[in-house]
Every structure is written in C-alpha cells, then in structure tokens.
C-alpha cells in the first residue's frame, strides 16, 4: 500500500462510474418523469375537457352566483359573483379554524394539565375524556353535536331568554349587536388611550421592578384601565352606542349577532376533538421536562405555580410546538367537514355549490387546494419561527 | 438505630388517607372533586337509564320500541346491513372468513409469547390482502362475482383502512428515503409531494378521486369508484406515512451508515439490510397511530356516496320504518370505532413502552 | 427521623445536630440513603416520622414553613439541573427576583459577584448547554449561593464530572468552606473531606454508622463496616 | 370509442342516481335499487342488452353529479335533474328528455300556521346543495322582496334530518320529493306542503355532449316508453302485442322497420324495454303513483291525451 | 494528500507508505485529524487533493474502485457500530453474504472461526445489545475480519470502554498483529503501541509531525510537540 502526494485532483473515473454523474443522471430522469407525467395529465385533462365540451378558464368567477349563503363575514347577496362566494367560503373557513384553534388550545392545555393533576378524580376524568373523544371519528362527532344535541334545543318561540337581550334556540345563539352612533369616535379614542396606558404601565412596572424589585400588579391595574377608560369616554360622549337587540320577527329572531348552530356544532366538535390530542401533547411535553428541573426549582424556593410558569412550561413548549403545529393543520383541514352539516365553509360553498352551478371542477378544485396549501404553509412557517425562538441553545 | 424492622406508619388508615391526599388536598382540589363528582352523579343516572334500564333489546320492528330509553333492537335488526352492506346473504361467509383470518393474524399480537406471532403478523400485512383480493370480489376460482358497489358497512370500512395502510407503507418508505436523499431534485420532488398531500383535506382528495380522476386519465382508462377512492386515500396516507418513517430514519445514528459503508454494502443493501429494519421497528407505534387516524378518516367516504359503516347507519336512520333512532345509530357506530381504535392504541402504547426499554439494553 | 418508601425503610432513626458554620461530609456505600437524607432536609422528600428543624423552623406539611426553609437552604445536585432555557445569569437571578423580590439590577450584580467567586464571570450570558460540565456545576453552586442561604447542601457534586473538572469544582467548594458557610456535603472525595470537614458521617443501610472528625475517621475508624468501606475507597 | 361501444364492452350501463330518494331511486337493504329514475336507467339497459339488470348504479350527491358525468365516471345521469339552459349549454351536457315534470314547493311545519309561500318572509329554509332549488329560491324571494336564511345540506337524508330537528321552518325541494321526504318524518302529519309552486322543474336523464348516437338512444328509449303507454302496450301484453297489426305498435316493438338499427340498437329494443321495464305509466304507478307511499297523482305528468303534457315524438 | 472541510484544512500534505504486514499506530492530540485520515483510507470521507492508493487500487470517485478498496479494508470504530437488529453471527455474515456472495453456510462457518479467534463463539446467537462493551468491540473486530481484508483500520477501538474491558480488546488486537495482518491503528494506548507497532506516527494540526519505530519514538522523540504530548500521556 502506498500513498503519494501529487498536487492534482484524483483522476476522474469513467462517467458512468462517477457517483456525481450518476446522481445527475438519476435526477435528470426524475425531472423528466415528473414533467412527462405532469404533461400527460394536463394534456389528457385538456383534451378530455374539450371533447366533452366543458368550458375552461376562470371567467366564471365574474358571473352572478344567484344563490344564498346563510353566513357571510364579507358582504354578500345572491346578486354577487362566484368570485365573491369564494371569499365568503374562505372567511368562514378561517373563522371556524381560528375559533377552533383558540378553543382547542385552551381546552387542550387545561385537560393536559388535569391529566397530571394530583386530584385522582380529575386526572381520571381527563383520561376518560381523552380516550373516548380521540378514538371516535370526527365526522361522527360533528353529526352527534349537530343532529343529536343542538337540535334538541327549543324552537324559536320557546327560546331560552337571557334578560331579553340574548336568546338561545335551535336556530342559534342570538346576541345584541352594538350599533355605533355619531360621536363614537370618542369611545374609540378612549379605547386606544386605554391600550396605550396599559402598555405604558407595563413598561413602567417592569422598570420599577428592575430598579426596586417591587412587583406591580400590572394585570389587575391593566384590566381596570381597560374597563374604566372606555366606559368613562362612553359616558362622556353621551352614550353614542345603541344595541340592536335580537327580537322575534315572524319565524325567527332578527337583528343582533347570530351564531348559527352549524358553526357552533362544527366549532364544538373540532375543539373537543383536537383538544383531546393537544392534551396528550401537553402532557408528554410536561413529562419530558426532567424531574431534576422541578426539584432544582423547588430547591430554589420557587412555589409550584412559578415552577410551572418559569421552568417547566418554557421547556415543555419546545417539545410541544412541533406536534401542536400538526394538530393545528389537522384542525384547519378537518374544518372542511363543515360540508356534512351545511356550514358554508370553503369546501361547502365554493367546492360545493359554486362548482356545481358552474361545472368547472378543475379550476375550482385547484383553487381550493391552493388555498389549503397556502394556509398550511403559513401556519408551518409561523410555528417554525416561534419554534426557533424557543429552541434551546446547545454547544 | 436498631429497630430495623419498623413498619411504615398509619397503614390501617389507608382509604381515608388516600382520599385526603388524592381528592381533598387543599380547598382548590376539594372544590374540583366536588364539582366533578356532582357532574358524574347527575349525568350517570339518566345515561344508565337510557342505555340499559329503559332500553329495548328484543322485538322485531319499531313498534316494539316502547320504553323511554334507547331502541337497541334497531341495531340488532339491521346489524347485517351495518356489517356487510349490500353483500349477498349467501356469500357472506366469504367476508366472515376474512374477519376470521384477520383475527387469527392480529389477536395473537396482543399476546406475548404466542408462538410464531411475528409470522402471523407478516401474513396479516402481506398475505391477507392477497387472499382478500380473490375472496371478497370473487370472480375467480369459481367464486361468484360480487361488484364492489355491493360492499358496505363495517367490512368496507375495514377494507378501506387496511388497503390504505398496507399500500401506503411502501410508497411512504420510498418518499421518506427520497426526502433524505442527497440528490436535491429527488429530495425536492418528494418534499413537494409530501407537503401538498398533507396540506389538503381528505374530502377534497376523495372528491377528486371519486369524480374527477377520469378527467385526468386517457379516455377509456377507468377504474371502479372504490378503487379510485383507495388510490386517493393511499396517496394521501403515504405522505403521512413518509413523515413517520422519516422520523425513524433520522433516529438511526450515523455510525450505522458508516459501518455499512465500511463493509462495502451499496446504497440499496445498506438501506434494506441495515437502516430500514431498524427504522421501521422504531416507528411501529407511529405507524399504528397513523393507522388509527386513517381508520377514523375512512368515514369521510360517506361524503362521496360510499356506504361505509357510518353511511349505512345514516341511510337507515332516515328509514321511515324506524323513527328517532339517530342517536342509537351514532352511538353504535361510535362504539364500534371506539373499540377498534382504543384497542389498537393500547397495543401501540404497549409497544412503545417495550421498544423504549428495549433501547436501553 | 424515619423515612419509608412504601414498605422499604430507607432512613432509620437518624439523629444529627449541625451547628452553624459546621462543615459535614457524608459518605457511605451506594444506596445507603445519603441522597434521601440530604433531600429530606429541604423537603424534596417527605419524612414520615421524627422532626427536622432547620434554623429553628420545623419542617411539616405546612407550605409556608417549607418555603421558609427552602429559602435558607441552597442545594447543588449531582446533575447540576440548570435551567437550559435561561442564560447563566438568568439562572442565578431567578430565585432572588421571584422569591426574594430583589430588584433585577441588584440581583444581577450579586449574581455576577458569585459568578466571579466561582471564576466564570465571562460565561454569564451563555446558555448552560454551551458550557462544560465543570463550568455548569460551578454555575449551579453560584445559583444556590445567590439565594444567600444559611446552609448549603451538596449531593455528590463532582461524581458526574470528568477528572480535570472535578478539581475546578472542589476548589470552589473549598474556598466556600473557608468562608464559614454551613455545609452538608455528600461526596466520595476523601481528599476534600480531609481538607475541610469538621465532621465525617458514615451511613449504611439508612443508619448513621459512625461519625467523627476527619483525621480520626480516616486513621482510626471504629466500626467494621466503616473500615471495609474506607479500604475500598482508598484502594483507588 | 363511442359511449355505446364502451358500454357494450363493459357489459353494463353505469348510471348515476341519487343516494336515496323514495320513488326516484332508493336502495333497499340488499342493494336493490328502485324508483322512476332507476327504471329509466333499466330501460336503457334493456334496450342495449335486452337485460334490464345490466346496470350498475352510482349513488351521487347533487354536488357530484355533473362532475361525475363530465368526467366519464358514469354513462348517463338519471338523478331527478332539472333541465336548464346553463346546464345544457355550458356544462357540456345534454338533457335527453323529461321523465317527470315537477315544480318546486315548500314543506312546512303545521304549527307555524302559514298557508301560503308569500308569508314566508324571514324564514329559515333547508335545501340540498347543488340544486336548481338553491337558485330558484333566491330568485323567488328576491322577486317578492322577502328575506330568507338558507341551510344547505349535502344529501336529502341530512336535509330531512335538519328539518325534522327543527333547524329550519321550511324545507324546499321539488314537489315530488316533498311527498317522499315528508313520508320520512316521524309524524308525517305534522308537516304539510304549501300550494305554491315557484318554478318549473322538468326532470330527466342527462348524457354528455358530443355523442349524438348515445344521446338519441337515451332520448328514444324514454320516448318509446311514453308512446307505449299511449298505444296501450304494457309489460304484461307486450308479447301479445307483437302480433298487433297496428303499424305504430309494430314499429314500436320492432316487428316492422329497422328503427333499432338507426340508433345502433337491436330492432326489438322497444319490445325489450316495454316487456322488461314497462311503459311510462307503469313506471310511474309502480314508483310514485297513488298506490305507493308517495301517492302522487299523475297531474301534468299524464299523457297529453289525458290532459297532461307527457308527449313523445312518434316512432317512425 | 490534502483534505478540507469547507475552508478548514484538516489534513495537510500527508505522505505515508505502508508496507504489507506493517503495523502502524497513529497518535496525536484531539482534533489533529487522525480519524479523518483513517476514514479517508476507505473513503468514508472524500479527499480533495493527492492520491490514496490501496493495494494498487487508486481511490477516486469511481464507485467500482471504492467498492474494491472497501472490500480489502476492514474497519473498527470507536463506538463499535454493530447492527443492533441482527445477531452477532448475522452481523458477521452480512458482508460476506451480500458483498462477497459467499454461500451462507460457508460464511457462517468462517464467522464462527473468527468469533472463536476473538474468544466469544458462545455469544454468536445473542444480539449486540446483550453484550458488554468489550464483547461488542470484539464482535466488531470479528465482523471486519470476516471480509478477509488485507488491511485493518482501527479508530480508537478502546476509548469507549471501561478499563477492565480494554484489556480484552487489546489482547485480541495483539494476537491479530502477531498473525501478520497489515494494521493501521489510532490509539492512545501506548502500551499497545510499544508491544506491536512497527512504526508510530504522531500527528498534530493535520500534519505528520514525527514517525519512528516505537522504542525510538518513546525514548527519544525529536520534535517539541511530540515531547509535550508524550509527557501528558505518560503522566497518567
């Protein structure tokens, strides 16, 4: 065996034995295959569509939709375009997803912590909850909440009446809607002022704590400011706010804000279902923080609450975030089950009625899928950034 | 220093002490306990009544459901439909045979030390689909053919989940390997494939598979609706599977790759003989969990008009012959799913625990 | 004092008085209950019978008393148990700020002082994961000191360290002992025991078998078990 | 290949139907489908194969139906589908005739005490997704200056369930379906059908555009059934009628002329259709007529000779 | 031969001839590039400049040549890197069966022979996880030998082992050396070096600083760096 120094790169082998060439070759083949496959697909689709007389293009988005949608966050009526139905569906999807994410996270954390509670009964109940809920298909749960539970609420005439301002019946939950009058600008001003004041107090309190060590009750004072300043400005401005109360008109309640049962059922089912997964994630996150950490914290004299807040949770978050992200993604995707109970989400409205009325399946489905892809990439991105921020620095 | 045999104190007062420590330690816990207990007491009674005491179990049709509770005879009367769908009565032995084989293959997995359970499991994964392929649709070996449109109920649910998982495994492996490949383009293709499939809801996938697929294929090429649903489910599932397997691949220490290289094993042998066996074993719990979620997700085929178990139940609760049996129907389906999923998830937890300790030796 | 794990009697009738400023080294074979004993002192473990009185406060179920005691007792663990998500400085300031309500500025100043004392002021803004084992253990000591405890407990502070690093840590501990701090230290470093201990306690099977000033303990052990143990240890 | 060739090659007809609507298409526990839409499919199968059972049914929701037909998933759609200009023109579809003339109506809970659709301002209304009903409803309320809240379900089962559960005041659909849906309620007498008919709903089989032969086959199979009723040919007497010397009947049953060949079918296809499936009247009576649970009178679906508008062009 | 990691020049102008049957020990401080060097020889790392010729085959990008060289070179790693899912016997047979295409029977017979040579034939059917570190390392040696390589590379084969086990492994290696196998061994076991090495090579900063027969190397090192290193090592 010999080794020699020669100041050149080792002589190149025959191309087909050079791993670099090989890898380039494989990749070229792969790319060719993908393009070929894609081209075949597109070609087939186009020729099929043509031979079957299906119109193509996105022109349909400007045509009049002509159908009603029960819930719209952006202004909508039947005279508007199909393009508008897309926005209605999308905002409805985003609404129920956002509500679901918030509720599922809160509930999931509570149940996850309850699962570790020293209270035997509470821990067992949390366990039962988790094991029951996550082992039953979500679609079934949505049906259950919608058809079996919410439908058993009273009819509009027998509504549950809360002080003549809120009503609950099988058509939904009716809440008074604030109607701003002239001069409400002052109240807005008050609200902004209050927010600024709270931020100010926080900064000041932190400074004071740095300087003197006294801990200022920022939270309580903040809440007080947030409540009183707007209330006072409201009174000063001469109560420029009317409440539109829901009232029984004909068949139904009119006026006010309505939370329709479809939304409620979907929201409840999504939140409960996802919460059962989040609870497990939270539990394993907390358990992943070694016992030594809690002991060290106790040895430093930190009480249980602070130990949880300052030592355990920050470390658990690192373990919790990645699976939590995928639960959020699942929740958004699962919100498409809305279509089964008639909540007008993107899939029900746009990939449902609009697709059916226009017949332009390829375009509509492509748009829908692109939307979900975007949402999920955005969530991943956001969570990745957060995750990097809480990652633990190692050598 | 001498009483070395002193017993732990206060042993006699155990229950009281246990309650004090576990239920009533501090006012907060006491309030919680009382609250939860109150909820339990007020809900368990009526539920018990509805489920058992006031329920009707025997009879022939709706008119025998007289009690205030659940009408279980609805379930027992329609059970055949819920399990086999439209599968012809006289041929149902074929489905039963599959159920039996399934049980033979997988029940022993729960029993430690069952001889040859590994082989039974492998038969379950690779052999069973082959047997099923000939047995269920028939059409060969002198078996009468049964169109897939006649399949339904629990049987269809199981077929969907089963084939979905078995078929997505190899695709998932390839995707996972591709995603860890050193070739940027291969990696890119796999990443895009995985992320796209993972981002879209299953019902859009099913919708596409069920009604749009023929549009993408050359004229004349066509499969059955069920086959198309399966293709959709499999592709969608394989993206999830790929991520699970990638987790296993990442957990294999670099030394294993290097040792295999040093032994002169090439890429495929290194992967097949050294890396994959370890990685797959490590992610069995993950695979089982994926299976559970797929199993639950198969209910969505109801939306594209396949009669899975939830579909059969939904179509019968609107049958005019039976009134107000929706809750019973849903509870029944929920129970079926729960038994399966809970059982399997327990199994996977067991496995996880075992693999956990296995690692430390 | 007695303690049980289930039916297992770990600590049997321990009886020990520690005077202020005294430095005690506890040794004994593995499983003899040393860690358990020292952890009882700041109530990381509960004792079932007998009394533990720290600085005139008796340890009972009362959370206030437990808090009081924990404030007066600093503890250093075998595996450091630093908080990996906080910088070294933050680790040291955590308890002063949240428990003793010291202003952050002041807490940081004190922390820097102690970090200087353990000779790693330049690492203050790093994360524990970025330090070597010996440095980490020194941070752990500084962190315990930042509470200005009256008593320091050490549970095998050097046994998870590489030999070069043991010395760094022992040096810090010796310096600390020199400053008159009350210390209880579980360790097998007999050199350390000889140098600083006022008393060496030998435990076995959950009992205190022997206690004596170090030179007596090492040169003239009374009990057979102690002799055997010392032979093993010193054979190294 | 033409659709007819494809179908012959497969050996069966793939027909899209509803996933369950009594009288139109409904599977029983054994998966046997019945209904007027189903019979329309069977008639086509009988014409092609001489075997009324050579059909496979694909249950479809309203949303899926056109996509399924466009994509080639099914050969014909017979799923109480309303014939409209847009559908005919821009979806790439052709309507092959009408097998039921319907109109949209309202099913309402008796408790509400409404007798006329004009009193429905502000009502919550259950509908099925992807139907013309959805559009008609908007038009009707807009024209009347009234408001409504639509609750849109995927399947008719869910729509009834929603109505039964009190989620809406009114269920709207084609009048024929209202009767069927009402029969699904636990107490059918608690609900009634309002007299108003707010739209024309000609329902019939649909095929893909661009295959005229196939379009003709479906169209003429239906016409044959209507003509058969007019000529008094029934499944019971179809064999006897072969001996009839009425030239109309001879052409219909294929004993004279090559009517079948012109369509690419066997000449006796008319005989097969009537013999195996029956004439239009039989089909109607068997599935939705007064003696069925739906109990619908012939009404405008009666032959033109009997005061209705069922009128088929002559087989000649 | 030269090698860079990015801009970092790890191996600088190494020039080494190894005759058949020669036994070479490589030592040097941590990070000096010993592992990198030895891993270049069977192309676990790529070199960027210069030539490596093993048994008349030059290592280039050519996959065939890499395969040929790897067949002739056995390697033993610091952390054994046994395949935990295969039994000891299967570990040993893997490469003979799949790479050399030996019939299984024959491969097993050879494997048993080598297992006997490393003195653990009775462990053949156990899994690596069930063996002690020393036994595992001996299996690793047997596995490498089963390929009947012309050259054996060892990368600190004993440094992950407890002291009692080091001897077991060294004994096997000494025996192996006695049988005339060409060996390149990275180790800090100077005893081993003295006993078997034909030549000791001292590396620092990616360069070969000194090479000499062992007695000369230990008794009379030429370079300052070598002297310093030897002092540290021998001080233990």
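Miscellaneous remarks
So that you can tell them apart, the chains are marked A, B, C, D and E in the order they are listed, and the count of residues begins at 1 in each.
Rule of thumb we're sticking to: a contact is a pair of C-beta atoms (placed from the backbone, for glycine too) under 8 Å apart; a residue touches a chain by one contact, two chains touch by 3 or more.
If you want to know which protein each chain is, UniProt gives these names: A, B = Amino acid ABC transporter permease; C, E = ABC transporter ATP-binding protein.
None of these values were measured; they are calculated from a predicted model.
Looking at chain A and chain E, the chains that touch each of them are B.
Taking A-B and B-E together, the chain pair joined by more C-beta contacts is A-B.
Ranking every chain by how far its Cα centroid lies from the centroid of chain A, the top place goes to E.
Closest chain to the protein centre (all Cα atoms averaged), using per-chain Cα means: B. When chain C is laid over chain E using CA atoms, the rotation angle comes to 165 degrees (nearest 5). Taking each chain's centre as the mean of its CA atoms, C is the chain most distant from chain D. Annotation: 40 Å between the Cα-based centres of chain B and chain D. Here the spacing of chain B and chain C, counted between their Cα centres, is 52 Å.
Centroids built from CA atoms put chain E at 45 Å from chain C.
Each of residues 67, 70-72, 154, 161 in chain D touches at least two other chains. Multi-chain contact residues, meaning those touching two or more other chains, occur in chain B at positions 207, 211-212, 214-215, 219, 303, 314, 326.
Chain A meets chain C in the complex at residues 209-215, 290, 292-293, 295-303, 306, 310-311, 314-315, 318, 390, 392-395. For chain E in complex with chain A, the touching residues are 1, 13-20, 47-55, 58-65, 151, 182. By the touch rule above, chain B contacts chain E in their complex via residues 253, 255-256, 258-266, 269, 273-274, 277-278, 281, 358, 361. Chain A meets chain E in the complex at residues 1-14, 17-20, 22.
Within the complex formed with chain A, the chain C residues making contact are 42, 44, 63, 67, 70-71, 73-75, 77, 79, 81-85, 94-95, 97-99, 101-107, 126-127, 129-131, 143-144, 147.
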